[in-house]
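Note that the chains are named A, B, C and D in the order they appear, and that numbering of residues resets to 1 at the start of each chain.
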Amino acid sequence: MRYDVTTGPIDAHELEAVVTHPGAGAICTFSGIVRDNSRGQSVTHLDYEAYAEMAVPQMRKIGDEIKQRWPAARVAMAHRTGKLEIGEVSVVVSVSCPHRHEAFEACRWGIDRLKESVPIWKKEHAADGTYWIEGDEAKPATG
Amino acid sequence: MAVAIAVRVRFFARLREQSGTEIEALQVPPGATLEDVYDVLRRKHPALEAERKAVRGAINQELSDWSAVVADGDEVAFIPPVSGGH
Amino acid sequence: MRYDVTTGPIDAHELEAVVTHPGAGAICTFSGIVRDNSRGQSVTHLDYEAYAEMAVPQMRKIGDEIKQRWPAARVAMAHRTGKLEIGEVSVVVSVSCPHRHEAFEACRWGIDRLKESVPIWKKEHAADGTYWIEGDEAKPATG
Amino acid sequence: MAVAIAVRVRFFARLREQSGTEIEALQVPPGATLEDVYDVLRRKHPALEAERKAVRGAINQELSDWSAVVADGDEVAFIPPVSGGH
């Protein structure tokens, strides 16, 4: 198990190495990437900001819940903060399980939970201005 | 008997920009709730989000109700909704 | 798009690099790993054998079907052949999409189709003997 | 008019082990189907799988019905079910 909030690049292979073990037949790894568009606007870059002291325990809680639902699962997750350019990896969730369908389900459940509950915020620098993305809302940034 | 308790307040993301500060020390009366703390902060930082449902409070890194009472030495954080996304 | 049958180790990062592009916000990568057990028996190693001239076109067909179902998807897949030790990667399917739910669905659909239709066979060297795995059946090997 | 056509036969996995060969050249009468070809091969290699539903035939890398007719120069393959798995 490994849960990181980091300003440096995320190495998905490192997370996969954490979840690999001799009983694991399947690894599902999700990577979130900075896209060049959002809300119909072109995006130049993003800033991610985290409440790290709360985010890491929240990630651990999600990992513990995954292990309750899929007892054989092993989990690693990392989220990057700071300025990210188009094509850079913002978040990775990697889950191993004995079989593939449970690996897919557990990984997807993990990233969905992370996105809705881990205190990390995205500031979008786009053609139409700079916005904080809060759920379905984009609110003008003032900083 | 203490006439005030000291908390450390942290702001994040849009609320950090509105308050103009990341972290500040604050004294509040004993028995103050998260709501009371936020009201004090709103008076200090008038640009801070007025719509209460766009803000969550956390005490010592745990999301807490607005009616939760803060204690001396607590870390209190005010945070906007997380990004979510598809 | 990239479709490989290879005797060397598979580099999942290389496949992810193939599917990454500025419009991709999500990459889902599945890796199949050699497990240390199967059918309740301990496994020492596997041999994979492919009909490569048929397997690669079949993988391409699966990739084309993914692009019909998820038009924004980009796909890469690779399967390794020969002797594989416990913990080694036998197969990787990587899919990028604008959003994560479609990336998960397309990737899962891809590995499911690969497993049921691409002519690659697994020979299991286990505590109870050596078996060819054909669907739900394990048939004694004689070679 | 040709009295025989030449095909290249390939065996994989368990069928390769049963036949003892990976690839062989075979002459069959014009009009021979995949089933005819397999029958010829079963006589040459008696250990080859007898249960027809445990075998698929492919002509030029395309899965084909047992009734499909082979042509001169075709690559004919006999393959077991793939591994599947969960």
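The criterion applied here is as follows: a contact is a pair of C-beta atoms (placed from the backbone, for glycine too) under 8 Å apart; a residue touches a chain by one contact, two chains touch by 3 or more.
The shown structure was predicted, so the numbers you read here are calculated from the model rather than taken from an experiment.
Engineer: In terms of touching chains, how many steps apart are chain B and chain C, taking the shortest path?
Structural biologist: 1
Engineer: Averaging only over C-alpha atoms, locate the centres of chain A and chain B and give their separation in whole Å.
Structural biologist: Here chain A and chain B have centroids separated by 26 Å.
Engineer: So what's the Cα centroid distance for chain B and chain D, whole Å?
Structural biologist: Chain centres of chain B and chain D, defined by C-alpha means, are spaced 75 Å apart.
Engineer: Rounded to the nearest whole Å, what is the centre-to-centre distance of chain A and chain D, using the mean of the C-alpha atoms as each centre?
Structural biologist: Centres of chain A and chain D (C-alpha means) sit 50 Å apart.
Engineer: Note the residues in chain D that touch 2 or more other chains, in rising order.
Structural biologist: 85
Engineer: For chain C, jot down the residues that touch at least 2 other chains.
Structural biologist: Within chain C, the residues that touch at least two other chains are 100-101.
Engineer: Linking chains that touch, what shape results: line, ring, star, complete or other?
Structural biologist: Shape of the chain contacts: other, as it matches none of the listed patterns.
Engineer: Can you identify all of the chain pairs that touch?
Structural biologist: So, checking each combination of chains, I get A-B, A-C, A-D, B-C, C-D as the touching pairs.
Engineer: In the complex, go through chain A and note every residue touching chain B.
Structural biologist: Residues of chain A touching chain B: 49, 51, 53-54, 57, 115-123, 132-137, 139, 141-143.
Engineer: Inside the complex, what are the residues of chain C that reach chain A?
Structural biologist: Touch list, chain C to chain A: 12-13, 16, 20-37, 86-87, 96, 98, 100-101, 103-104, 107-108, 111.
Engineer: Sort out for me which residues of chain B touch chain A in the complex.
Structural biologist: Where chain B meets chain A, its residues are 10, 12-14, 16-18, 47, 54, 58, 61-62, 75, 77, 79-85.
Engineer: Of all residues in chain B, which touch chain C in the complex?
Structural biologist: Within the complex, chain B contacts chain C at residues 85-86.
Engineer: Can you list the residues on chain A that touch chain D in the complex?
Structural biologist: Going through chain A, the ones touching chain D are 99-101.
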